[in-house]
Amino acid sequence: MRNKQLCVFLLATAASPALLFGAGKVTGKITYTGTPAKQKVIDMSKEPSCAKQHTTPVTTEAVVTGPNNSLGYVVVYISTGAPDESSAPAQAVTFTQKGCQYIPHVLAMHTGQEVKVVNDDQTSHNIHPLAKVNREWNKSQPPGTPPLSEKFDKEEFIPVKCNVHPWMHGYFAVLKTSHYAISDENGSFSLPNLPAGKYTLTAWQENYGTQTQDVTITGDETKTVDFTFKAKPY
Amino acid sequence: MGKLFAVVVVVIALASAVPLITHTWYGSAIRLAPPEDISTHGHAIDEQLSETMIEAGLSFLAAQFVLAFFVWRFSSRPANAEIKSFPGGARGLVIAAVVLVGTEMLALGVLGQKAWAAVYFAPAKPDALQIQAQAGQFAFYFRYPGADGKLGDLHPDKIDEGNSNFFGLDPANDVESRDDIVTGELAIPANREVHLLMHAKDVGHSFYVRELRIQQDFVPGLDLSVHFTATKIGKYEIVCTQLCGLGHYNMKAYLSVLSQEDFDSWLKQKASEQ
Amino acid sequence: MSEGSAQTVQHQHAPPQSFIRKHVFSLDHKVIGLQYYGLALLAVVIGMGLSWLMRIHLVWPNAPIPGLQWLSKTGAPGGIMTPEYYLSLLTMHGTLMVFFVLTNAPFAAFGNYFLPIQIGAEDMAFPRFNMMSFWTTFVAFCILVAAFFVHDGPPLAGWTAYAPLSAVGPDAGPGEGLGQTLWGLSIFVFCIASLLGSLNFIATTLDLRTKGMTLARMPISTWAWFITSCISLLAFAVLLPASLLLILDRVAGTSFFIPAGLVISDRLQPHSGGSPLLWQHLFWFFGHPEVYIAILPAMGIVSHILINSMRRPLLSHKVVIYCMMGIGFLSYMVWGHHMFVSGMNPFSALMFSFPTLVITIPATIMTLIWLGSLYGSRLRITAASLFALGFISMFVSGGVSGFFLAQPSIDIFLHATYFVVGHFHMVMGVAAIFGVFAGTYFWFPKMTGHMMDERLGKLHFWFTFIGTYCIFMPFHYLGLAGNVRRYSAFVDDFLVPLIPVHRFITIVALLTGAGQLIFLYNLIHSRFRGAPAPPNPWECTSLEWSMPSPPPFDNFGGNHPVVYRDPYQYGVKSSTGDYLMQDSPEEAKA
Amino acid sequence: MATTIQPPEAEQRQKPVDDGRSGGGGVRNLVPADGSIKLLDDYSPEPSRTGIWVGLAAITMSFAAFTSALVVRQATANDWRHLTLPSIVFVNTLMLLASSGTLEVARQSIATFVREKTGNRTIPLLWLDATLLLGLIFIAGQYVAWQQLRAGGLYLASNPNSSFFYVLTGMHALHVLGGLGGLTRVIYKFRQPVFGLRRSTLDATSYYWHFMGILWLYLLLVMWLKL
């Protein structure tokens, strides 16, 4: 198994330019059927400095829905067949705490890629990724302290929480590939720059779990792959 | 040097007494006394406090002054000065101590019982408004029974803060919990007794409202309760006084005492947000 | 068979030659006493440094403290203290001060050095136990300090380590990992050390008194150490099992203190049925007597010094001793007053409140006897006697605030506020430390053979006396305003207005702390440059002054003094002046 | 100076009048100058004679604490699973009690050995060794008991009852090991060509050893009633 990975890896690196600048593309839309749970209004009265930053009531983001049953914050990525990459992207991804919310609610990153955690609030947060595969950590970040910089080495969907503000929940999607996308308000996503090949697409939603579909890209075409999740009221 | 000691002790004793008498920090506006009491039982505690303040304060001043005076008077006497013994000797002092402290104790003890009993011995009235309070790292959450007037059961395994299920309710299977109203602030109607059922989610916490003269620990695995009646409409702080971890200093919630109709509309509003 | 041939009278241990046996693993109670003193000094320096950091952070929460980030990168990113690191400092400060300073300095240090001498013994009953108990204490100290440097941070559950926070492990947040386990281990080891020490003290006092040294003829300081050792024997015998069970809950997954159904950091804890209150009961059953373990020796030392500087015995020797016994006895019936708001049965709350109030009677009697004895005395003002008088003042100030906390109804409001912090810092912290200072200025000549600089000593007293009042009196006012303790920052609308008072306290604390440098300088300078000390510079009557300073290896050179009279023969006419040594056969002239 | 007056030579070495008011100022551990074989008595009451009782008081206190912990824990428990004690503990009990008996016999024989001043140490040694052996058997037996519990799937953390069983028996076993150490020391001293065994050492060790037996009976009762 390891050897196989290794060979693929060598091949990949040998031919990486061609692979990385493939012209194939997968787009699609994430929708749901049934009635999703009503998102609750978050009561921030405990933290006035955050509460006063929000004019409209803030709700939980576990299930973010859009027009005609579209589903946001779904991570779509190539789980198998993805061209292996020699190294993680150099530029860091940023995870911001603002108004006692995580921005973005779901942050996808490459294994080994640097993630910067920024505290824009006037209060002290603690960042606690409840990792199981990766190493779990739990650090406080008083206002005015420099951003925390961390890395995750293994593929995992890590719930992130702030113990000081229990409503603050987010996710780190640590993936082995850089071919990932996160669906927007309208549930649409797109995975560009795919070389020709046979792939397995995986869509992950924090409450509804994962779905997979196979797709084959030949040359520079654009395939459409849609996912539909079954929503539960509770 | 002995005289200097005497002077310093007297000055310190007087200076220490000033804020206790003026209830402020040496002329500044900083108030250094319990905030105004808004509960029906609090006045007993306050009387008890001021009683004790007078008795303890007087014994404090007396002791410091006597110390100062004796040191002033008897330090650096000539080597041949004659040693005198305190009139009455040890026996007198022992009797004095037993009598003074004894009576002081009895007085305080009896009064104290009254104040204490008012809070803890009298059970909550049956018509008291039942609210459940849950303390967890590092926030309080409160649960009001919905239309059915019943609180759903708690299932710790169902707790899911990402979906704001802080209590671990199971609406899918437990109908009673569907209309429960969960809030981050405690709103209560004025002049109505509230029976607070206290539940700790993780570690030890405490429920402390200065104006209510109420402090009660949340003990994990042991669901306690307190009952009180607030009399003054307003917004007050609920803080945690039991060291519970890194967020302890910031573990608080607000208590808003509302008129009955304001309370009803507030509850409706919250119900709509569930 | 040549049994018993060629046997000579030999002493239990001859003077050691090698450096190691002389100064490191010494069996000599005097060396061990000094070792305890040194350890306490180290601990108090660290502990005070921590309190400085805490005070600074409290009033300037977002100001970086230069250099702090090197102490702990995660604890203070960019020098700005995180909340958990503040709590860790708080925990370490409390543990260091209570166990390694207040238990070691007045009791183990001075007791080891002077108890055997004051009863005319050549050493402790069990010198090897004595050495073991010090080095075990030292190991406990190292374990505790090691907790500073573990990966997930030093412990933060406070010196009371309330379960389940202290028992559930890393899920409860930073500082609840290895650090907390080390804390428990350190306490466990410390208990063993204290048990060995107390056993030794008791056996020594009962068995090794020299001829004529009846119990009634023991100096008050000896009595205090003896009573204290009885208290600590029983107290630590309870903390030992408690800390063991806590460690097991942490490392072995047992459920002594952890109830079922706890959800911490979104994880359901795999425990069932434990009782958090069990820990509180076990801990406070130790914890309250511990307060008296800290204060009783100070009372003894202070009485001893006061009598000497008043040149007259106390109004009643016996009554003072009975009071100390009474306090020791009652200290076992009051632990519940720490748990008034922990949901204990309201009746038992009253049951605990009563003895707590009763315990003020012996305390008051002692105070009145000290004051009454001052009347008509020939008080000599020295650095030592100043600290002794300061002790009385502090003891009164800290004592009266006990009146408030002893009453459950008032405790509802004052519990866990700065009022409590002010109360126990004054009555147990500062008062006991004053006893240690007094003892140091008094016995330094005997221990080192050099006089201490009196002028510096008095300067040090004024700094400390005024400083500590300015620090700890305002704590009471803040408490009355409902200022909660153990907060790493004051963010509540209610507390923000009080910050100026805290700022005042912080500034005074920094100054007072700096004032202690005078003491350190005096200590070190006098040790080497101080004038040589005569055997009895203070014209004192007890046995430790009947030998050269510093005392020879076996104290009395194999000749055991015979005691002819009660310890405090002052204000009499004798060949030596106005006092008679305990071991002088001379009769006082009328 | 009053400080320099020394008591006359005679006073130093004579045993102080035993008025029960004062001790001997720590002149002790003296080997008899006449070199006779006897259980050495000292001028001063031998500290270990007091020390042993103080030590036993401390041990009693901490096991009392364990007991109260057990009681409180049971009172709040909803997870109290009755635990049948491994049968072997009763065998162990017999072993421990027997060892107390052999130790007493050993003391008697040492006394006679001293009285008759015969050089024959074998009989006392035999009894001492027997005591040591029985003690070791007890420890081994306890170990077997733990093995049996483990075999039954009951580990330290399985339920409060098993936790308390392991803790109580474990702590007791530790104390017994201490007693074995004491016995070994007694045997060693007894074997010395220069007779160095002091009565107080022998007494203290045997008091401790008997106390271990009593403590074990108490624990057995507690565990049998509660666990």
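Annotations
Note that the chains are named A, B, C and D in the order they appear, and that numbering of residues resets to 1 at the start of each chain.
Everything below uses one rule, namely that contacts are C-beta pairs under 8 Å (C-beta built on N, C-alpha and C of every residue); 3 or more make two chains touch, one makes a residue touch a chain.
What you see is a predicted model, and the numbers here were worked out from it, not measured in a lab.
Identification of common neighbours of subunit C and subunit D yields an empty set. Sorting all chain pairs by how many C-beta pairs they have in contact places B-C at the top.
Placing every chain at the mean of its C-alpha atoms, the farthest one from subunit A is found to be D. One finds 50 Å separating the Cα centroids of subunit B and subunit D.
Taking each chain's centre as the mean of its C-alpha atoms, subunit A lies 46 Å from subunit B. In whole angstrom, the spacing between the mean C-alpha positions of subunit A and subunit D is 66. Here the spacing of subunit B and subunit C, counted between their Cα centres, is 30 Å.
Annotation for subunit B: residues 136-137, 161, 221-222, 245-247, 250, 252 touch two or more other chains.
Residue positions of subunit A with contacts to 2 or more other chains are 123-124, 126, 140, 159, 161, 163. Counting partner chains per residue, subunit D has residues 76 touching two or more of them. In this structure, the chains touch in the following pairs: A-B, A-C, B-C, C-D. Interface of subunit B with subunit C (complex): residues 1-2, 5, 8-9, 12, 16, 19-20, 25, 28, 30-35, 44-45, 48-49, 52-53, 55-57, 59-60, 63-64, 66-67, 70-71, 74-77, 79, 81-86, 89-90, 93-94, 96-98, 100-102, 104-105, 108-109, 112-117, 119-121, 136-137, 156-157, 159-161, 168, 201-204, 206, 208, 210, 213-217, 219-222, 224, 237, 239, 241-250, 252. Across the interface of their complex, subunit C is touched by residues 1-3, 5-7, 11-12, 16, 21-37, 44-51, 54-55, 57-59, 61-63, 65-66, 68-69, 72-73, 75-80, 119, 156-157, 159-160, 163, 167, 171, 193-195 of subunit D. Subunit A contributes residues 37-38, 40-47, 57, 60, 62, 123-124, 126, 140, 159, 161, 163-167, 169, 206-207, 232, 234 to its touches with subunit B in the complex. Subunit C meets subunit D in the complex at residues 1-12, 116, 119-123, 125-126, 195, 198-200, 202-204, 206-215, 233-234, 237-238, 240-242, 244-245, 248, 252-256, 259-260, 272-275, 277-278, 281-282, 285, 535-536, 545-547, 556, 558-563, 574-576, 580-581, 583-586. The touching residues of subunit A, counted against subunit C in their complex, run 123-124, 126, 128, 130, 136, 138-146, 148, 159, 161, 163.
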